[in-house]
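Next, two complexes with chain A in common: one pairs it with chain B, the other with chain C.
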Partner chain A sequence: MFHWLEKNPFLFAVGVFVVIAFAGLVEILPSFTNAARPIKGLKPYTVLELAGKEVYKKDNCIACHSQLIRPFKAETDRYGKYSLSGEYAYDRPFLWGSKRTGPDLHRVGNYRTPDWHANHMWDPKSVVPASIMPAYKHQFKNLADLETAYAEAVTVKKVFNTPYGDDIQPSKAAFEKYYKEKALPEALKIAKAMKNKDVLAMVQQGKIPEIVALIAYLEHLK
Partner chain B sequence: MQSSAALEYDYSVAKLYMWTAVIFGIVGMTIGVLIASQLAFPELNYLMGEYGTFSRLRPLHTNVIIYGFTISGIMASFYYSAQRVLKVSLAELPFINALAKFQFLAYLVAATFLVISLAMGITASKEYAQMEWPLDILIVVYWVIWGINMFAMIGARREKALYISMWYYIACFLGVAMLYLFNNMEVPTYFFSGGLGHWYHSVSMYAGTNDALVQWWWGHNAVAFVFTVPIIAMIYYFLPKESGQAVYSYKLSLLSFWGLMFVYLWAGGHHLLWSTVPDWMQTMGSVFSVVLILPSWGSAINMLLTMKGEWNQLTENPLIKFMVLASTFYMLSTLEGPIQAVKSVNAIAHFTDWIPGHVHDGVLGWVAFMVFAALMHMAPRAFKREIYSKSLLEAQFWIQTTGVVLYFTSMWIAGITQGMMWRAVDEYGNLMYSFIDTVSVLHPYYTIRAIGGLLYLIGVLMFAYNFFMTATAGRKLEQEPQFRSPMA
Partner chain C sequence: MNSFVVKALVLAGVLIVGTLVVIKQMHVDLSDPVNMITFLGAIAIAVLAFGVAAKYMGQMKTDTATGELAEENWDGIGEYKNELPAGWAYSFLGVMIWAIWYFLWGYPLNAYSQIGEYNQEVKNYNKKFEAIHKNASPEVLKEMGESIFLVQCAPCHGETGDGLSGKAQDFEHRMSKKQVLAVLKSGQHQLMYPLGAMPAGLASGQQAEEVAAYVAGGMKGKAPAAWATCAGCHGQDGTGNGGTAPNLKTYDVTLVQHVLKHGKTGIIGHMPAFPGRFTPVQEKALAAYLQTLKQ
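Up next is the complex of A and B:
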């Protein structure tokens, strides 16, 4: 019945393509015409938080942590309000994860402090004795990449109309101004709350270690 | 399938991929055993500083296995068997043969950069699509060259009707191309910000829920078009060849093929059950996952029935053992998947170790077993030597089967235990366990899983030794064996 098709590779390939593309057309496209809109009051990530998100990606936290609270009582009791689509409107990429070797982090900013995070990332066992999470001490030494994060903010402002202010401009001078006037004070606030002298000294010298950016990001997750 | 005595086939490209399959197999599974052990014994996270943590190594494990080991096995099988089923030798097509070698070179370059970038933590962070945009472009080039080669060989074919394996290779090419392109749409930040920051950094075209939808449309169907479709292409060629039996049913293969093509794509939504994607998509994901049992079992049953009346070969030939068990694991895995895709089951299973358990009965039992069988079937033909040791193959089979069983049984128990503990409430309706309780309880299962993985790795090392000895020291063959592979 299909013998003729198997002798006609071109039509065969076209047939396969139509059949496999069909589901995408029906399932994916409608969702895109109705793209996820931000919930009321949602603020885009600051540049420091974006740099923290890069640390989150770089050390691949999603290997073990989700950012998706499902609508079950057991989950809302444990993590807080279930997740809404509009909360992810500025997440590029999405960081839901697919495995909870550790707990969900979508609202971790509600119930952990910078101080707690600092201790936890330095030595997880110091706050959770049975933890199997490794320590991430290198984050206290490596510097966060604010410039790339700033480039990302410029890009999403330009391409996707993400509502950033006039302080996000495509130039090196604008970045340096932003770094001094916005990013550093924000980092200083986190560093003070962390109660870690070395980190505080670094920020006071104008350098922002990865851990400060990461905690800024985690604090944003509420 | 007719005798191919008239044509002299050129296996030079196939041989290159055979070696990389062996090497990436060892590397990928060694990392796998290490990260499995890290979950049981966290001190193992500190062997290589910031580059040795579970989180940094896990994508290295998945990528080396998917794009290293599996793609190598697929390409070796393709460049070996496409010549034969199309009745055209690569020696007759010098340009395509050279292009195929260039394609292999591009593969090595991409693999090297992928390993370096993942080790450094340069990642787009989407699972199985971690490559940043420069690597994405390289991979698209690689894939397009494969398509050119495939269709050039088809164009030059003497056998007019495309054999079943070719259907699946064509589908693999088209499916991965479509999914990969759409999922990796990203904007390079360097060029939009007037040259700020790292040049290789990019930001996804899609945000939040949309991004998740496209990612799992890819994530699930990468499983379809890398771990299923081309592996079915392999078994449709190698099982009849090794056993000397004709494929049981043409109609069943037809039904399974078109069924699989149509249904698989819909099922991606089952990765996003109870998430913020629209409810109807979740339901479609569930429903089509269950329908997917039909075409999946169609292929597997077709393979098992191909052995009808010849089951004695199962005891006599270890390669038949590998392939029959591969079909069986394919059935297990494609029944388990739909069960997990039922919404109420998924509520317990999602985010737990049952998911990696499911993945691994598929990849260890089905994909890797099929790749081993294919490599060992090709080796005597490509190297013109007898397989070095039958007893080593037999031992490998039983050690690895034990490993797989330990792996998935322990992960079943671990996953369901954890899923139930997360939701357990006491008589007042309060949560009974803190999160860490649900981690500590898993220690014995993580240990068993690591042991299972280690057994499997030992099998891979035995295989590598056997393969190396076959290629270099096996008894020379005067004539190409027609069906059953000769082994000492």
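Up next is the complex of A and C:
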């Protein structure tokens, strides 16, 4: 019955390809396109938050902390709602992580406050006595690199059409205007909530230490 | 029956006896349907595998190939044009029909969902949890409250609930004098109790000092005259008029529920809201545990 098919190996190969491609079309593409879209209400990172994300990468938080809550009851009980792939639409790269020496951080903005983070990054054992996390005191002194973060925002706005406003423009003057009018007030709000006098004084002088950017980023994770 | 079949059935018998020995040794409970089905499946596999193998090995000894040869051959190796055995043919047909259904209907329209499985898991768990702990004893609630507290609350309030020397609310006391004074001065409506907003400036100066000292002291002794204003909403004994206003004496269930639902910002700082994080039983457990922390 199927001898004609066996005698035409090329035709047979095409047939196999069509069948498998159809399966891929039905099973992979719809959920993939759906999942890659940003979820409703997702905001891109502000420049200050992007600078904080750089601190997160630089100090290698990803080595011990994940940012992906799996849909298991044991996880959602502890960390909050399970993660959706559309939530990472503006993460380049995403920071899912693969190891949890410390807890997951994907919803940390829901249940921690800037002053808690400030205490914790200065001396983790002061709030969690059994913690094995090292202190990150240098973040209170080193300044965050807002300029690079601004350049990143300009790039993703142009290349990936990330929905930033007109205040993100490729010029030095635009950056300086943004820094003064947007980034500094945002940093000041965080610094006030941190209750750390030295940090607040630095921000009031127009300098943004890494810890402020990092906390802004962690507060965005909701 | 040829010797192959006899040998195969003996081998299958040995395997079945071996399985029985293991079941006996490991105390497997055969009244559990899953175990029973597994056991019956093992017997079927043993008998079928050896039986079928023996039948065809026996047949190979005597059988000769017959039938009409197909036209094409490969270096002299030919192929008979015999029909497929009926069992194979029907299986193929069945799989083809199933595959068409699965491609066009089964997968795209009725797909398995990971989230669906998660929802089911949570639903089943919560149902079981509520049923088991419907009338939980105070000891069970306290223990449950402690474990929730250590995971969810301790990072800010400290493992002993002391608020880490002023970084968060101190659960060993209900309210400090400073906190009472601050609320009297600014009013309060963050917790959305049914009795509504508490206006600012209900008491001031000496009166406020007296009320604050009275509340912070755990409402012991004689109430100051200005307490009458507070008692209008919070009740004469300060326990919140049956849950319509905040309890000023202990951390009761309604207080825990309202704070978890709305969060709270006070002179210490800000506590985020945890809406929907805990079940009613867990909230009861948290309150039960917080009350044991009180000195």
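For the reader, a short list of remarks on this structure follows.
Here is the rule we use: the second predicted complex is superposed on the first by the 187 of 222 C-alpha atoms of A that agree within 3 Å, B and C clash if a C-alpha of one lies under 4 Å from a C-alpha of the other, contacts with A are read in each partner's own complex, and residues count from 1 in each chain.
Note that a residue touches a chain if its C-beta (ideal position, glycine included) is under 8 Å from a C-beta of that chain, and two chains touch if they have at least 3 such contacts.
Please read these numbers as outputs of a predicted model, since none were measured by experiment.
In the superposed model, A:91 lies in contact with chain B only, and not with chain C. Look at A:13: by the touch rule set out above, it reaches chain B but stays clear of chain C.
Residue contacts after overlaying the shared chain place A:78 against chain B and chain C alike.
When the two complexes are overlaid on their common chain A, residue A:160 makes contact with chain B while staying clear of chain C. In the superposition on chain A, contact of A:28 is made with chain B only, not with chain C. More residues of chain A lie in touch with B than with the remaining chain of the pair chain B and chain C. By the touch criterion defined above, A:119 lies against chain C but remains apart from chain B after alignment on the C-alpha atoms of chain A.
In the superposition on chain A, chain A positions 3, 7, 22-23, 27, 71-72, 78, 128 are in contact with chain B in one complex as well as with chain C in the other.
Those residues of chain B that touch chain A in the shared complex are 38-39, 42, 45-46, 49-50, 53-56, 58-59, 121-127, 151, 154-155, 160-162, 167, 170-171, 174-175, 178, 182, 187, 189-190, 192-198, 201, 203-215, 217, 254, 258, 261-262, 264-266, 268-269, 271, 274-278, 281, 284, 288, 347, 350-353, 355-356, 422-425, 430-431, 435-436, 439-440. The part of chain A that touches chain C in the complex is made up of residues 3, 7, 22-23, 26-27, 30, 71-73, 76, 78, 80, 82, 110-113, 115-116, 119, 126-129, 193, 195. On chain C, the positions that touch chain A within their shared complex are 70, 72, 103, 107-108, 114-115, 117-118, 121-122, 125, 151-152, 154-156, 158-159, 164, 167, 269-272, 274, 277. The residues of chain A lying in touch with chain B in their complex are 1-3, 6-7, 9, 12-13, 16-17, 19-24, 27-28, 31-32, 35-36, 57-64, 66, 68, 70-72, 74-75, 77-78, 83-85, 87-103, 128, 130-136, 138, 142, 145, 147-152, 154-156, 158-160, 170-172, 175.
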